[in-house]
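Both of the next two complexes hold chain A, though its partner changes from chain B to chain C.
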Partner chain A sequence: MDRALQQGDPAIATPRARAPREREGWLALPLALYFCLFFLAPLALLAGISLRTTPQLEGFGLVQYAKFAGDPFNWSVLWQTLLIGVKTVALTACIGIPLGLLFMDAPRRLQPILLFIIVLPLLTSVVVRTFAWMVILGRDGLVNNALTALGVITAPLRLLHTELGLVVSLSQIEMPLMLLPLISVMSRLDPHLKDASAALGAGRWRTLFRVTLPLSLPGLLAGCLLVFASSVTAFVSQTIIGGGRMILMPFYLWQQATTLFNWPFAATIGMVLLVAVLAVVTTLNALGRRSRALVHG
Partner chain B sequence: MARQTTAGDLSYRVVLGLLSMVALLILIVPVVVVIITSFTDSRSLRFPPPALSLRWYSALFDPVQSAQIHTAAWNSLVIAVSATAISVALGTAAALAISGRRTWWTQALDALFMSPLILPTLAFGLAALMFFSTLRLPLSIPLMILGHVAVIVPFILRTTIASLSQLDRGLLDTSSSLGASAIYTFRRVTLPAIRPGILAGAFIAFMASVDNVSVSLFLAGPENDVLPIRMWNMLESQLDVRTAAVSGVLIFTTAILVVVMDRIVGLTRRIS
Partner chain C sequence: MSTPALTRRTLLAGGAVLATTTLLPRPARAAGRIIAPVYPGPWEEAYRAVVLPAVKKTQDVDTVLTPLLALDQVAKVKASRSTPPFDVFLLDPGPVVVAAEDGLIDKFDPSRCKNIGNLQKSFYDDSGVAVAAQIVGIAYNPKKVERPKGWKDLFDPKYYGKVGISGFGTTFGTSSLIEISKQYGGSMTNVDPAFEQLKKWLPHVGVIAQNPVAVNTLFQQGQMDVTYTNYQTVSTLKGRGVDIEFVKPDTGPIAFYTTLHVVKNAPNKDNAYKYIDTVLSTEVQAALQKPPYNLLSVNKNVPLQPDMPTDLVKSHAELASFIHHDWRIIAPLRAGWIERFNKEIRQ
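Entry: the complex of A and B
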């Protein structure tokens, strides 16, 4: 070493102490490469194909989008699909929030059991859960047979292949996605807040709507986001519980791509669905940021 | 005033109690209904079943009659194991890079890697089909594995980043100041601390791959049929009660796996 060492010289700083952190940045590269090749490139191709003019993939232009926007049928399919998502979110929130509150109030011994009940459907196959609702809602199913036995109805109700049936079954299928973020935020709330609210004379309802729910808003919004995103693309439940008469975006896309081989139009449906979901997600995220600012700011 | 509060408390308890009972029923009943239906003696989905038998299970386990289902189940298993292995390797490495940094590029990467959870993956499934066809690659199991990695890797990233954020950075500094190399520190300090997080994520990713419809729907063909798509066909075309038996097997397997994984890595705690 022929020169004097100075403060901050790399030779002084122990190289080993820095090595782990400096090397870590590169570790994201393989996954980033994979995403570029097998996620972003296909999506870019999807966007490209949606700009093709004919099913033989000739020409370039916005023909497919004009075709989509020009037919009121397409608008109603899109609207129906988004509406199913909104209704599912509403129902899931209505029964998910009380269950979340019950979970927080439950004795510590019971909490793991409740969590198991919440997690199990999440990890059970979507097709299995859909199948369960076929048995429950069918002509000869649980609900119809129970109502007939009770003398409430004489002829079986049509529950399968209805919008109500679809929304109820989706709310079960997606419930864990609502509950898990909700519970994780609720369990971080200071339990003294509720006591303080009660001590100041607020009833339980007032405490719920003025203290607990506003503070749980980030978790609630995260849950709504996941439930919405997942129920608008729930192909299996939509086709089996919703049935053939109810055409929603996922089935529409699948039909155009695999039975009619109209790739440009299928790609257009995919892009419209993608943009619609992104718009809803971005709006909810913006609301989420505002709610967090409200809570912490 | 005092009486009003009690009435309010009472209505609070009744309304929330009833709603959470509805929620619990909605979560539990379908699982129970599937298990009971799988033991039905009937050719229809009548509930409650007129008589109980094991006929659909014996039909399901018959190697000749249910050969298609067995192949689909085997393919699903092969795809899920491989896709999970790749995702663990790529996901853990990326988690090490992303966690603890708040720069623009880590945030952008994080948003990109997590986007498959939110985006309609059905559009990605279609995109993957178009992509592989444009490259003139015939649909096969390896392509299916590549397609699955994107949709399951977020689960591993999420749990691994969560356990990394709880890791004491001081431990790493101590290890390296004591002369341990980066690789040695990773193997002996970081990995043992984050292993439960990786395992929990890997388990959820594995289940998500077995369960995947949105990508498999487009990438599955006669050569690489998978279980959820086969089951969807069994329900769509004409009702096949063997679906009930498949569902029964899947529910029991999942329940056992969840309990085991909960013991090993505290699964349910990590998901929430």
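Entry: the complex of A and C
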């Protein structure tokens, strides 16, 4: 109870704290400059190039956007890209939530080791991770060899260069991004709430669905947001594991920029992807705010 | 015993010292340096082992090699024309046209290379000079499939599910698809028959790869047993113990030349010519042609025999009889082909 008071009650934020905070704002200036120089300026440049009419960077107008919108192929590329993100988020959440609960129930001594295992995918290079997945999913790969040895299948399954293979490998690669926020929220939950729920007659499942999960929602949503944004733009994994028949926005952008040298159209693809991802992220964020209100309101 | 605490002050001081070291003058260099891009993988290994020491020894110039694929080189120079990040281009015929059209290549002056006399006249023009020949054909895994004979075999039912295809993104991919098209009534400018054939065959596809690096890995992983590629790639993989053999298609193999060019506004133009001259020299060409590098020489004094297998190519005269594609005609059509390939092969 006292914990909820500390976080939620505006009365706690004293006026005394406000004055130094205003001065401390200046400390963020170098970061702000850094962002302006290395993030906002290139982004403005990208937007500027997307408004050029020809690959030779002449003219000015919305020609590239019209070209993008006018071809159903482009829409299906965008749709498939976002769908891959949604599927990855769904799978990551389905595996992440039980893993998070397991982590919370693990003995305290084990938790740092588990945390290390969770973060491990982030510590390996993206290229190594991706090529490892090629070895796992390939025709002579681990999965196929194991299934053949067990007599489950006679001919190797097609796993590499499929959407299923891509979603499975992406969810392994992005798992830390889901688990870290989830665990940080779960570990702040008051353990007494579970006991209270049990004392009031709720079973374990009911406690899970009515108490633990709703209270973990902010962490889950933050995780979903990170996993979505990062799986939608995972160029290396998408091209290597997805294969040549799966054309997604990052590859499409790369092809236009470095094979065809159509920079304005590449910039347009980039802007469209940016806006689409931002739209999804903003929606998730709004949901997140509502869920926080649910928790602390 | 007290452990030294890491205070803010020591941290800042340490940081400042680290920052200043980057500003300190570098140790004096030799007569100068050159920054040269090279294809990642076998090319890089070959140039690092052979060209780098030769340029240092004969010209007293330090070479900085940057591994970059051809189109990436063009993109990098295009992005900073006035201060290009390197002095020479190493390109295949397709990207040469792109770079030349964009005005990124300096006029090549053959008289500045002593070794130019060792080359046939057709190996250089006012844009650049050939440094290695490439042969494109079919690669297969002899342990798993029968030896294919020609382009049409790629679509033969006995290879269903085992053939890997790559698109128009690379020179070898484009050349191969043109030759496939010719088998079904097409030509260098008409690849429609290749597309029709691909469409019919797609349900039996083995793999479609998006970049040349992926092609090699997919072959090594047993994901495909037949594909089209360069002879040099095959010989490199074979040298590493991969079960792979090269076949000259029955309708004739394709030959093209990888070329060096001086980049417009290159910061070390004189050294660029010294570098190119060294690459063309008899010693360097001979060393690059030997296994494990297998880069076919362009120098008259370095015969292709006995380094190359006799059933591949016997002489420079035979090499000249292989199929050559005119990239000045192909290049403008390629964007359309790439977009069509995207659409037709997409799941």
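As a working rule, the second predicted complex is superposed on the first by the 270 of 297 C-alpha atoms of A that agree within 3 Å, B and C clash if a C-alpha of one lies under 4 Å from a C-alpha of the other, contacts with A are read in each partner's own complex, and residues count from 1 in each chain.
By definition in this document, contacts are C-beta pairs under 8 Å (C-beta built on N, C-alpha and C of every residue); 3 or more make two chains touch, one makes a residue touch a chain.
It should be emphasised that the depicted structure is a prediction, and the values quoted were computed from it without experimental measurement.
Look at chain A after the overlay: chain B and chain C clash there. In the overlay built on the shared chain, the residue A:Phe73 is in contact with chain C alone; chain B does not reach it. When the shared chain is aligned, chain B comes close enough to touch A:Leu27, but chain C does not. In the superposed model, A:Leu102 lies in contact with chain B only, and not with chain C.
Contacts of A:Thr259 after superposition: chain C is touched, whereas chain B is not reached. In the superposition on chain A, A:Ala229 makes contact with chain B only, while chain C stays out of contact range. By the touch criterion defined above, A:Leu213 reaches neither chain B nor chain C. Touch criterion met: A:Gly243 reaches chain C, while chain B stays clear of it. In the overlay built on the shared chain, the residue A:Leu160 is in contact with chain C alone; chain B does not reach it. Once the two complexes are laid over each other on the shared chain, residue contacts for A:Val86 go to neither chain B nor chain C.
Taking chain A as the reference chain, the count of touched residues is higher for B when chain B and chain C are set side by side.
The contact surfaces that chain B and chain C form on chain A in the two complexes overlap at residues 131, 134-135, 138, 140-141, 239-240, 257-258. Listing the residues of chain B that touch chain A in their complex gives 4-5, 8-9, 11-13, 15-17, 19-20, 22-24, 26-31, 33-34, 37, 44-48, 89-91, 93-94, 96-98, 101, 106, 109, 112-113, 116-124, 126-131, 134, 146-147, 149-150, 153, 172-173, 176-177, 179-182, 185-186, 204, 207, 210-211, 213-214, 217-218, 227-228, 231-232, 235-236, 243-244, 246-247, 250-251, 254-255, 257-259, 262, 267-269, 271-272.
By the touch criterion stated above, chain A contacts chain C in their complex at residues 73, 131, 134-135, 138-141, 160-161, 239-240, 243-247, 251-252, 255, 257-262. Listing the residues of chain A that touch chain B in their complex gives 14, 16-17, 19-20, 23-32, 34-35, 38-43, 45-46, 49, 94-99, 101-102, 112, 115-136, 138, 140-142, 145, 168, 171-172, 175, 180, 183-184, 187, 203-206, 208, 225-226, 229, 232-233, 235-236, 239-240, 250, 253-254, 257-258, 263, 266-267, 270-271, 273-274, 277-278, 281.
Those residues of chain C whose C-beta lies close enough to touch chain A in the complex are 71-72, 74-75, 78, 98, 102, 165-167, 169, 205, 207-211, 214, 217-218, 221-223, 335, 338, 342-343, 345-347.
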